[in-house]
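Heads up, there are several structures right after this.
Each of the two complexes below includes chain A, the first together with chain B, the second together with chain C.
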Partner chain A sequence: MTAAQILTLTIDGKHVSGLAHETLLQVALENDIAIPTLCCLEGLSNQGSCRLCMVEIAGTTKPQPACVTLIQEGMVVITQSENLRTYRRTIIELLFSERNHICAVCVANEHCELQTLARDLGVDHISFPGRYPALPVDASHDRFVLDHNRCILCTRCVRVCAEIEGAHTWDIQGRGIRSLITADFNSPWGQSTTCTSCGKCVQVCPTGALFEKGRSVAEMLKKRPSLPYLVSNRTREQQ
Partner chain B sequence: MEQQITIEPVTRIEGHAKISLFLNDSGQVADARFQVTQIRGFEKFVEGRPFFEMPSLTARTCGICPVSHELASAKACDQLLAVTIPETAKNLRRLLNWGQLIQSHALSFFYLSAPDLLLGMDHPPETRHFLGIAAQDPQFARDGIRLRQFGQQVIERLAGRRIHPSWVVPGGVNTPLSEETRTDLLNDIPEVKNLALSHLQRFKQSLEQYQEYIEHFACFPSLYLALTNDANTLEHYDGRLRIIDQQGTLLKDSSSPTEYASWIGEAIEPWSYLKFPYYVPHGYPDGMYRVGPLARLNIAARCGTELADRELDAFRALQAGPIQSSFHYHYARLIEILYAVEMIENLLSDPAITDQRVRATAGVNNTEAVGMMEAPRGTLIHHYKVSNDGLIQWANLIIATGHNNLAMHRGILQAAQRYLGHGELHEGLLNRIEAVIRAFDPCLACSTHAVGHMPLDVQLIGPDGTRLKHIRR
Partner chain C sequence: MNKPRLATLWLDGCSGCHMSLLDTDERLLDLAARVDLVYSPLVDCKLYPEAVDIACIEGAVSTAEDECRLRSVRERTKCLIALGDCAVTGNVPAMRNTWGTDTVLRSVYLEREALAARIPTEDLPLLSDKALPLHTFVKVDFFLPGCPPSADTIFSALTALIEGRSADLRLNTGFGT
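So, the complex of A and B:
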């Protein structure tokens, strides 16, 4: 096994170092530099879809997603700029305008990552017209509910189910703005033959899209499982 | 020539409305319309939502009495779960409701109607509002603010916030009452009880000077509808629906919650978004009935608390049989404030109120349910049908103000005929007509126009649509 190569770089003017296989986001976090994220969750594969962690890298013209960009020797990175702020706020506004987010009556109110990010980024109104799509709620499962109205398609549920639980119940159906989370081959969740009812998807969902049945407004406080711990335990047991 | 007078918007009520008065050829007021010009659409957009959201979702119907909607909704949801909620939860909900009743009644009396009563109907509109009262009788204003504040504190201390708390949940409430809150609220009781009593005395002493309004502010016989309990005492939270006639004779006691639909009809008129409920056996519009504080005091045999019962005796002495004048909604409101303070004291004095068991949990065990309770303005009905998964398929909400719609029309017509004899328009006369509506304390939407300059546009329109007269404030 070769020794891990250590690289040095600059993030927001701070000299930092990391291992060659680490991403910009990982190294930033290790050095207490906060970069907003939404689709990323420790222990799951990264797919860089929410685009909130975009950063500026000297020498490139386009911002790059920190969660899927590996560090390089001598990189000069900026995580906070007016441009990036505008960019991130626009993403949040677009997420809000895409579906029906009525925080005041949402189960996840006050415990929602989208809402927290909006607050942190100062998004107090949406400058895009809302689409207000008519989307169903799937309450067919005994214990859980899927509300498409609050879903931001981060796919954490898809990944946790496939990568950690190994059930691969969830997937994405449709394309673009018509994409929807779907169980098995588009069956009601309650009729899914693959779902083990473990509830991991519910707990990793950043918003009020997946929640426990019987929760009232603002009552869905997610208990994030420690995914790396689960993975390491499971791997050890297999060995 | 026929003429039409329009008062738009009607001010110092909660919501938006306009009044149209139709004059006949001889210039007499022949008809009156009270038009509610907003549509909210709650019954439609709740479709498809999980019923657990309903208490909070329907609370958004109103910024003044969200608690009433939460409670009516939660009561319906309890039935969807098919649970009996813990006694403490029930009592906590009652406390919340009385807090709401106090704050809402105090708003109606001290803020919205007192300018007419204390300053006079003909007082210049520029200062005929709560700030005008504060200038003329600061102590009165302070007392009104304090009473309202107490009601809001009850809500805030129990539920975490004053407006739109999400504390009431299907099956009970989501946190028990702390000992500290119990003591703090109890400490405030002597002061607010005194305030409630002294303003009731003051109002009673001034009744003589309002004789004219008592006789002409929606003063007519009608049916009355309210919740009642087995002890036949004043009931705001539980019990069954009762309707009595103009003599006070029992017409109907509901035997099941869904039964209301067979004897309360809802007529629709193309010119208003507010429906016209009526008592079906008497037909439309003869089945006119009234709800709210006046109806509740007309229906209950006793209040059930010492001071309020004494006041109820004096109230009853005003007239044999049910009290007919809607002006006495004000009087009834003050008695109810006193009653609510006494009841809050009673419930808080029992240490069982801090019991930790405050919520029953279950899945969907019924697919149809009706929740009823007495909102400050009258009986509030939430009726839901859900899918087996608990998603709302159909909802019907009958709001207190709706029940009074027919009676408000009748009242406006009565006042208009009295005060707008020959199409003469002047501000004070129009204000009297608005004051009739304020006596009912209608809550037309979810906004309050308590203070300030509201434009009032009054038009006199001929049959060909031309504007004959126009005054504006």
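So, the complex of A and C:
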């Protein structure tokens, strides 16, 4: 086995090092440098779609997503700047204006990653007009509910179901702003023939879009499964 | 020095934000000593006066009358605060925006098992089709999200404004909770 290549770089003025296959986000976290994320979840593949982890890299003109950018020798990275803060706040505001988020009466109130990010990033109002789309709530499953009004299309549910549970019940249908999470080939969740009712999607969903039936306002505290642990146990079993 | 003139207004909200203001308990005496409360659901004054320094507005804009009051308050007020989620985002009143006011009124007053099924109209301003946040209509100087913002948040914001140190104000409050 060849020794893993160690690279050195600078993040926010701090000299750090990491392995050649690590991403900027991983190396930042290992060094207690906080970068906000939403679609990323340890143990799942990264798709870099929420754009909250954008950072500035010296020598490039556009910000890059830290979760899918591999580190390089001599990189100089900035994770906090007025520009980046403005981008991040704008992303949060767009997510709020796109669907119907009413935190005060939401099942995930006080336990929601979108709500927490808004507070942490100082989003105190939404400058874009609300779209107020009329979106359905799918309560056909015995134990769980999907409320499209609160979905931010992070695809954590899609990835956890396909990559960890191996059922691949969830997918995205439609395009752009009309995209929706969908079970099987657009069936009511309760009629899905692939769903194993494991509930992993519910627990990894960052918002109030997926929740357990019977939970009322602010009652949906998510129990994040330790995905890296699940994956490593399985890999061992297969060997 | 003259005391700052404070006003509070209640549009389409549940009065929870005003309750939260009252929740500042004994600090209300502090506040009362430092401002002139010139207009509020808490004082007996029918017309919004001229030259108000600070106005806290609770509630979304839900009727043409709300909009008209908001615009005249803006004209007569130096610093306008959107107090609470309804004023800041539309919040619960804006839940009707998805299906439209008519559908919601019919569902609540006619299609449930009401004793006397009819949509109330007498002496009430007509609901507009959408309930909207204040900044859709006028410039808002400060946003205090929260449902309701805590008494501490309201007190810190008001004292900072009264003392003129509002520029770097960073409050621990957000949507919901």
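What we mean here is this: the second predicted complex is superposed on the first by the 239 of 239 C-alpha atoms of A that agree within 3 Å, B and C clash if a C-alpha of one lies under 4 Å from a C-alpha of the other, contacts with A are read in each partner's own complex, and residues count from 1 in each chain.
Just so it is clear, a contact is a pair of C-beta atoms (placed from the backbone, for glycine too) under 8 Å apart; a residue touches a chain by one contact, two chains touch by 3 or more.
From a predicted model like this one, the values you see are computed outputs, not experimental measurements.
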Overlay on chain A: chain C relative to chain B, clash or fit: clash
After superposition on the shared chain, which partner residues are touched by A:Cys103: those of chain B (first), chain C (second), both, or neither? second
Kindly classify A:Arg178 by the partners it touches after superposition: chain B alone (first), chain C alone (second), both, or neither? neither
Partner, of chain C and chain B, that touches more residues belonging to chain A: C
Look at A:Arg236 in the shared chain and tell me whether it touches chain B only, chain C only, both, or neither; answer first, second, both or neither. neither
Look at A:Lys223 in the shared chain and tell me whether it touches chain B only, chain C only, both, or neither; answer first, second, both or neither. neither
Which of chain B and chain C A:Tyr132 touches, first, second, both or neither: second
Would you sort A:Gln115 into first (chain B), second (chain C), both or neither based on which partner it touches? second
Just to be sure I follow: which residues of chain A are touched by chain B in one complex and then by chain C in the other one? 104-105, 109, 218
Okay, in this complex, where on chain A does chain B touch? 104-105, 107, 109, 136-137, 139-140, 142, 145, 147, 190, 213-219
Could you list, by residue number, the parts of chain A that touch chain C in their complex? 96, 100-106, 109-110, 112, 115-116, 118-119, 122-127, 129-130, 132-135, 218
Of all residues in chain B, which touch chain A in the complex? 48-50, 52-53, 55-57, 60, 164, 166, 169-170, 174, 361, 363, 387, 389-391
Enumerate the contact residues on chain C facing chain A in the complex. 82, 85, 88-92, 94-95, 97-99, 130, 133, 135-136, 140, 143-145, 147, 170, 173-177
